[in-house]
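What follows is a single structure, and I will ask about it in a moment.
Naming follows writing order (A, B, C, D, E, F and G), and every chain is counted from residue 1.
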Amino acid sequence: MIPIDNFLVLSAILFSLGMYGVLARRNAVLILMSVELMLQAVVINFIAFAVYLSPDAFTGVIFAVFVIVIAAAEVGLALGIILRVFRNRQISNVDEADLMKW
Amino acid sequence: MILQIAGNVWADAAVRMLIVSLLVPVGVIMLTWVERKVIGRLQQRLGPMRVGPYGLLQGVADTIKLITKEDVRPNTADRWTFELAVFVIVVPVFMAAVALPFTADIFVRNMALGLFYILAVSGLGIVGFVMAGWGSDNKYALLGGVRAGAQLISYEIPLILAAVAVAMLGQSLNLYTLVALQDDTPFIAYQPLAFIIFAIAGLAELYRQPFDIPVAESEVVGGPSVEYSGIRWSMFQMAEFVSLVLISVLASLIFLGGWIWPFSADNAGWLQALLMAIKTTMFILFFMWMRATLPRLRIDQLMALCWQILLPFAFLQIIINGLVLVYDWPDYTLTILSGAAAIAMGTLVYQTARRTGVLYQAPGIAQRVGSVL
Amino acid sequence: MTYEEGFFYVIAAVTVIGALGVVTAKNVVHSALFLILALLGVAAVFILLASEFLAIVQVLVYGGAVTILILFAMMLTRARDVEGSLDGPQRPFAALAAITFMVTTILAVTKTEWRGETEEATVVDINQIGDALFTTWSVPFEIASLVLMVALIGAIILARGEEGE
Amino acid sequence: MLASLVANGTITQIKDFAPVISDVFDDYIAVLIATILGFVLVGTALIGNLVLSPRQKTEHKGVTYECGMLTIGRSRAQVHFRYYLFAILFLIFDIEAVFLFPWAVSFVRLGEQAFWEMMVFIGILAFGLAYAWKKGVLRWR
Amino acid sequence: MTDRPKIEVYEVKDDPQLSRSDIISPGLRREIKSLEPVPNDPSQGNAAYRQILPGIMQMPADWLIAWGRKSSLWPLTFGLACCAIEMISTFMARHDLDRFGIVPWPSPRQSDVMIVSGTVTKKMAPAVKLLYEQMPSPKWVISMGACATNGGPYTRYDRVLQGVDKIIPVDVYVPGCPPRPEALMDAFMALQRKIMEERGKIGKSA
Amino acid sequence: MATIDYTIPGERDLETVDIHVNVGPQHPATHGVFRMVLTVDGEVVTDVDPVIGYMHRGNEKLPENCDYRQVIGYHDRTDYLAQFNTEHCFVEAVEKLTGIVPTERSQYIRVILAELNRITSHLMFVGAFGTDLGVFGTSFMYAFRDREYVQEFFEEITGERMMYNYFRPGGVAWDVPENFTERCNQVVGQIKRGLEDLHGLLSNNEVVLARCRGLSRVTVDDAINWGLSGPLLRATGLAHDIRKTEPYSIYDRFDFDIPVGTEGDVLDRMMIRLEEMKQSVRIIEQALRDLPQGPTMAEGMKRILRVPEGEIYMRVESPRGEYGVYMVATGTDKPYRHKVRGASFCNLSALRAMSVGHYLADVVIILGSIDIVLCEVDR
Amino acid sequence: MLGILKAMGTTVRAAMRRPVTVQYPTEKKVLPHRSRGLPVLLWDFDKDEPFCTGCQVCARYCPVDCMTVTMKDNPKKATGKSSRKKIVDDFFIDYARCMRCDICVEVCNFDAIVMNNTWEGVELSRYDRQDLVMDLDTLLKQSHTGQLKDPFREPMGVAHSGWSPKSEEEDAEAAAAAKPPGEGGEG
């Protein structure tokens, strides 16, 4: 049986990679994808704790389901915002989207 | 009785999967021949005749030709996207084949969530088309790729909803259970509407006429596969034909009572195989018949059909099932309601197509031009 | 180490490679494809965690929908594959921060002694999920639907413009 | 009939039809094997092609095909945003399917309440769909 | 760098003339110079199995491959002039080329044989040449009709190419104006014979 | 033609840079080697830039140093789907200039063959149009099945399947075989049976209706301004058919109807062609009924045909519309100037106006509905 | 839906009928008597020489000038076996350029050339375009060996283009009028 630490370490690595992406990238879509990575790491943690530590396993699973759902919704919205910015400013780099209004 | 090929479970699965993957090329070769023959007859000519007796070796010859054909990659194509797209298109089909039983004995694995799994995995192939379209750096391919993406994802929703309707009747996602429940009545009798939706959506998932918009020869010349040559191109064909078989098998499992109906649950193995073969062939021939007969829809009509007609009616079917099951109404109410809904859908489509210009929405610039010119 | 661990390491390697690709690829579409790889790896990790349902959900939602969405958005914003235009000057600091975070978390995780750690992963059946979802968690379930609807409408408005033409 | 069948647990006996103990892990080992085999099949075909096919580099062989003309402008152009809208719709309803599947297999056991919950859920999303419809998102213009 | 889209289209749209030249003539300008003939290379490149396989096993392999090639010749759907009509009617139900395993494909990447069916004008010649070069080898060319062979009735007109073999190597010539469908089928059978005869050559370039 | 302003507010939600897509010269949808550069915004075509001239092979210039008999061969190759109609136009022109009166029998033979040829041309259209619509070759197969019957019949008369070179100033080259009448009836019967198939396949199909109805409507005024002729013009509701308005050969002796459309859309164009085949069958039956005996070549023809000085513009109703020949003769045995008015060319000039602002898929079938013959466009 | 059903019914009915295909290489349809293959010369059996006198009228009238004819004094005339003063010496037809217009047959005053109405006139695919230039022997072979059963000579000879009793001045006129039109492209 796999010790739980493996999963936690994996999720830590994923999370920090996503973090790097968020910090380093400039293209908004890429930043979004990095955020997705971080969320995945979180989900892994949820499941790991759920199936290893909690008596009623499915609570964590349901949490994971909700995380996935909300994440997906967030992707849709965020991409909508990015497209909106792109439409008005013809840019897709966050550095340039610095004005609060245009 | 379980046909255990190898002692170890994994070895058993491996051997079964190996058999499947050896059968796939043979089946595809035969299917190409069958399709050309059938379409030839529908067009009042004889298909292949001179390669082998009645052109039986046509598929073999094509395969040899294709495998000894140069594999060209455009200079400007994005190398890895272009070359990996083929894998992304073919592999999901294999993955889906794992959970799909043919008879009680002929299967790879019997998954608890088989139906759900197949629907989920078959969605992966869509990415391959977008990759192919984007990677080959060709306008036709790009148009075809995004068209394929839009069409396949859109029609996946009605497909899934129809499958949900079946799962509601069977209260299970296990294909064995679903088949076992149809020993006296196939599910098509309970919910014809779901069956029609499933058939249409399946046809669209296979991007064949009248839904062959991604690969339309007279518009985007062959769509995503336009830049592919030789065996790499034939992989597209293989994926298409295998998924044709998969959809047909799935439909005959969850709607036509699989290997049980109209006989008893414990009929002999050969009888089961025969039943499934007949039902599957029926579907395949039907798809070919449609292909030889119907023209192509336009992409906006395609989307309108999916989102404005199929989707609401799929929800309607789910609601009907829920009501009947929860309040434990007699079965024939289910049949009646679903049949009525199906007829309603048919008439709706008929009216829409008949009324002038309802399905035709000029994209807007037209009026301006009319005034200008 | 058991064979399961072997699988785990392979899958973890694939996932991490995918994640690395996402954050380092020079071409947006390439990093999107790497994202698919990482997400499928995570799905496999779910399998190792004996939660089949979640893995399939992962494949369905991320393998199919989200990736297509991201690919379309990318082709829409025409994010060109120009060298260096994807990463900002702040890259080294980002790397530093990420590495620090990773080290600390890994230390924390490995040092901790998890109490009540079961020997066997409890297998989650879809029926249990259904029961829980529609009894105990019915309110968040409904709220989720609201969130989805808001996301849908919001995305449409954003993409089409306020008056929606 | 069906409902009663389900209610008095006939399903559980019917589950016995499943020949192989559906052990999650073994299932997905099979999936892994299938994936590998798929890659192997395609790979062998490509390698065979590599060995058997003649290779000839001519000047224009790699030119992008565009009806015998040279490409005008950039090929990897920008796709239209309508595709994106349909992707959004698909995403939303895909997630709905995620909830539908567990519901489908358990709502009879849970009775009316679960059923109506899902009806509300579908209703809310249907409102979203109706909004999209009204906005003309579904009409490709 | 800011990723602003070049809106060249809109800018030039104000002046139709400009847009025309901008859109069409670059292609033309590049076409003109590419009219020198494609060298005829019967080996059609180099096949790896020539080096790998021992010579004794190459002959059956050759036979098998040549058989496969001759049994599924896929022409390019490519009609030029009047001859194209007879070509089409050869594909149609009455004389059904599908019997030979010959089905047309629209993209040169998937086709093996190009039927030059009709007059090749000097404006069309670069396109024909480009399409031929885009076809993956091995590939063959059938010159159908008098025009494609040597200008035919229009040979006295200077915009007409005096035979398509001026730009691409031709394997089979079919006389006639237009050739009967049977003549085209006969050409295909001649091509099949040729493939079987030359099976040793293909893939063995010096 | 005025330029279109390309920034229409509200129609471009996200400013997309249009891509220019080459369609043709080698494309399954462009019949022949026609090329158009489509400016595509997503799926909508915002500009069409037709490029012709890929088939310009001197069909007008070469006849100017051929004698009048050799010119007939070149007219066959001008509109290679309606050879008999083109020959008819040319020989009528020569006869008008020289004052030769063709014999009765030859006139009837000419009309019968020309009408049969109209049928083959329309069959070709229906087949190609079905393929543009996306039928997997079936309509093509059925159409050509019947077309073959007619072509074999032509071969029995003239000896050629396509380039007949059969009409001559003053009559026809040689008399038709004895079993002409019964063979012709047989062929007509086969055509009637074949038309059933085509109607069943296309004319009532919901998909076809959904695709073609209301697509690229053209008003009568526009059609006249653009110089459309033939089925395109009749689809707009104007009953203009040269066989009726200025009957050229002996068309005034037959009674037949001119099918006219109401909408001027693509569906009407298709239906009109399907209907015209029926009318042609009517003409053929009447002509067969009173086909006179007698010589097929006018008396006293000089061995070398010299056309007296003069000029003439002769036009006939070819399947694609008005096919005209303008000829200047200077008393020698060769035309001094020889100009062809191709129907396809004039109809094609309306392509941009018809198809801008439609879907990519629709532009293809609009082009198909024009039914061009490239050798007639470029000549 | 009804229309779609109708269409599907149509295809099925077509599938029920016999296929119209003629399997060409094995079964060939009979060519009509008037079928125009490519021009061949006729052999005069009782004189045992070709009909052709090499008068070159056909070469002059050929629209694409794909014929080359030379004439010589007939040796048989001296021996009195034949009445022909002149006889064809050499005769080439470039089948690759012939447009099968039948004019040469019409204008020939000696009924010496006809269009080949057998399958040999159709199956002429060659690997080299030079092989399509036929010389005298090849052109005569068909009729000499008697494979060319009954070639089609239109009943009125060339009357349809105004055949009046032949006279010297008209011939001269013809010769004057019908110069080889234009310069040939490439031979």
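Convention: a residue touches a chain if its C-beta (ideal position, glycine included) is under 8 Å from a C-beta of that chain, and two chains touch if they have at least 3 such contacts.
What you see is a predicted model; the values in this text were computed from it and never measured.
J.: Could you split the other chains into touching-connected groups, assuming chain B is not there?
T.: Without chain B, the chains stay as one piece.
J.: Which chain has its C-alpha centroid at the greatest distance from the C-alpha centroid of chain C?
T.: Computed centres place G farthest from chain C.
J.: More contacting C-beta pairs: E-G or D-E?
T.: If we tally the C-beta pairs in contact for D-E and E-G, the bigger total goes to E-G.
J.: Between chain A and chain D, what is the gap in Å from one C-alpha centre to the other?
T.: Using C-alpha averages as centres, the distance is 22 Å.
J.: Rounded to a whole Å, what is the gap between the Cα centroids of chain C and chain G?
T.: 78
J.: Just how far, in Å, is the C-alpha centre of chain F from the one of chain E?
T.: Inter-chain centre distance comes to 29 Å.
J.: On a C-alpha centroid basis, what's the spacing between chain C and chain D, in Å?
T.: Centre separation, chain C to chain D: 17 Å.
J.: For chain B, what residues touch not just one other chain but two or more?
T.: In chain B, residues 40, 42-46, 49, 68-72, 112-113, 116, 134, 139-140, 142, 146, 149, 153, 156, 173, 217, 221, 226-227, 230, 292-294, 299-300, 349-350, 363-364 touch at least two other chains, as defined above.
J.: Return the residues of chain G touching two or more other chains; collapse runs of consecutive numbers into ranges.
T.: If we look for residues of chain G contacting two or more partner chains, we find 1-2, 4, 7, 10-11, 14, 19-21, 23, 63, 99-100, 181-182.
J.: Listing for chain C: what residues touch at least two other chains?
T.: 4, 50, 52-53, 57, 60-61, 64-66, 68-69, 72-73, 75-76, 78-79, 85, 123, 126, 129, 133, 144, 148, 151-152, 155-156, 159-161, 165
J.: List the residues on chain E that touch chain D in their complex, please.
T.: Touch list, chain E to chain D: 5, 23, 26-27, 30-31, 34, 38, 41, 43-49, 52, 65, 107-109, 126-131, 133-134, 136-138, 202-203, 205.
J.: Under the definition above, what is the set of chain G residues touching chain E in their complex?
T.: Residue list for chain G touching chain E: 19-25, 28, 38, 63-64, 94-100, 119, 122-129, 132, 181-186.
J.: Where on chain D does chain E make contact in their complex?
T.: Residues 50-61, 63, 65, 67-70, 72, 78 of chain D touch chain E in their complex.
J.: Which stretch or stretches of chain B touch chain D in the complex?
T.: 2, 9-10, 13-14, 16-18, 20-21, 24-25, 67-77, 86-87, 90-91, 93-95, 97-99, 104-105, 107-113, 116, 134, 136-140, 142, 146, 149-150, 153-154, 156-157, 160-161, 164, 167-169, 171-174, 176-177, 179-181, 190, 221, 226-227, 230-232, 234-235, 265, 299-300, 303-304, 307-308, 311-312, 315, 318-319, 322-326, 328, 330-331, 361, 363-364
J.: Hey, which residues of chain F end up touching chain B in the complex?
T.: It is residues 1-2, 4-5, 8, 10-11, 19, 21-22, 27-29, 40, 43-44, 46, 130-138, 141-142, 145, 201-202, 205-211, 213-215, 222, 263, 352-353, 356-362, 364 of chain F that touch chain B.
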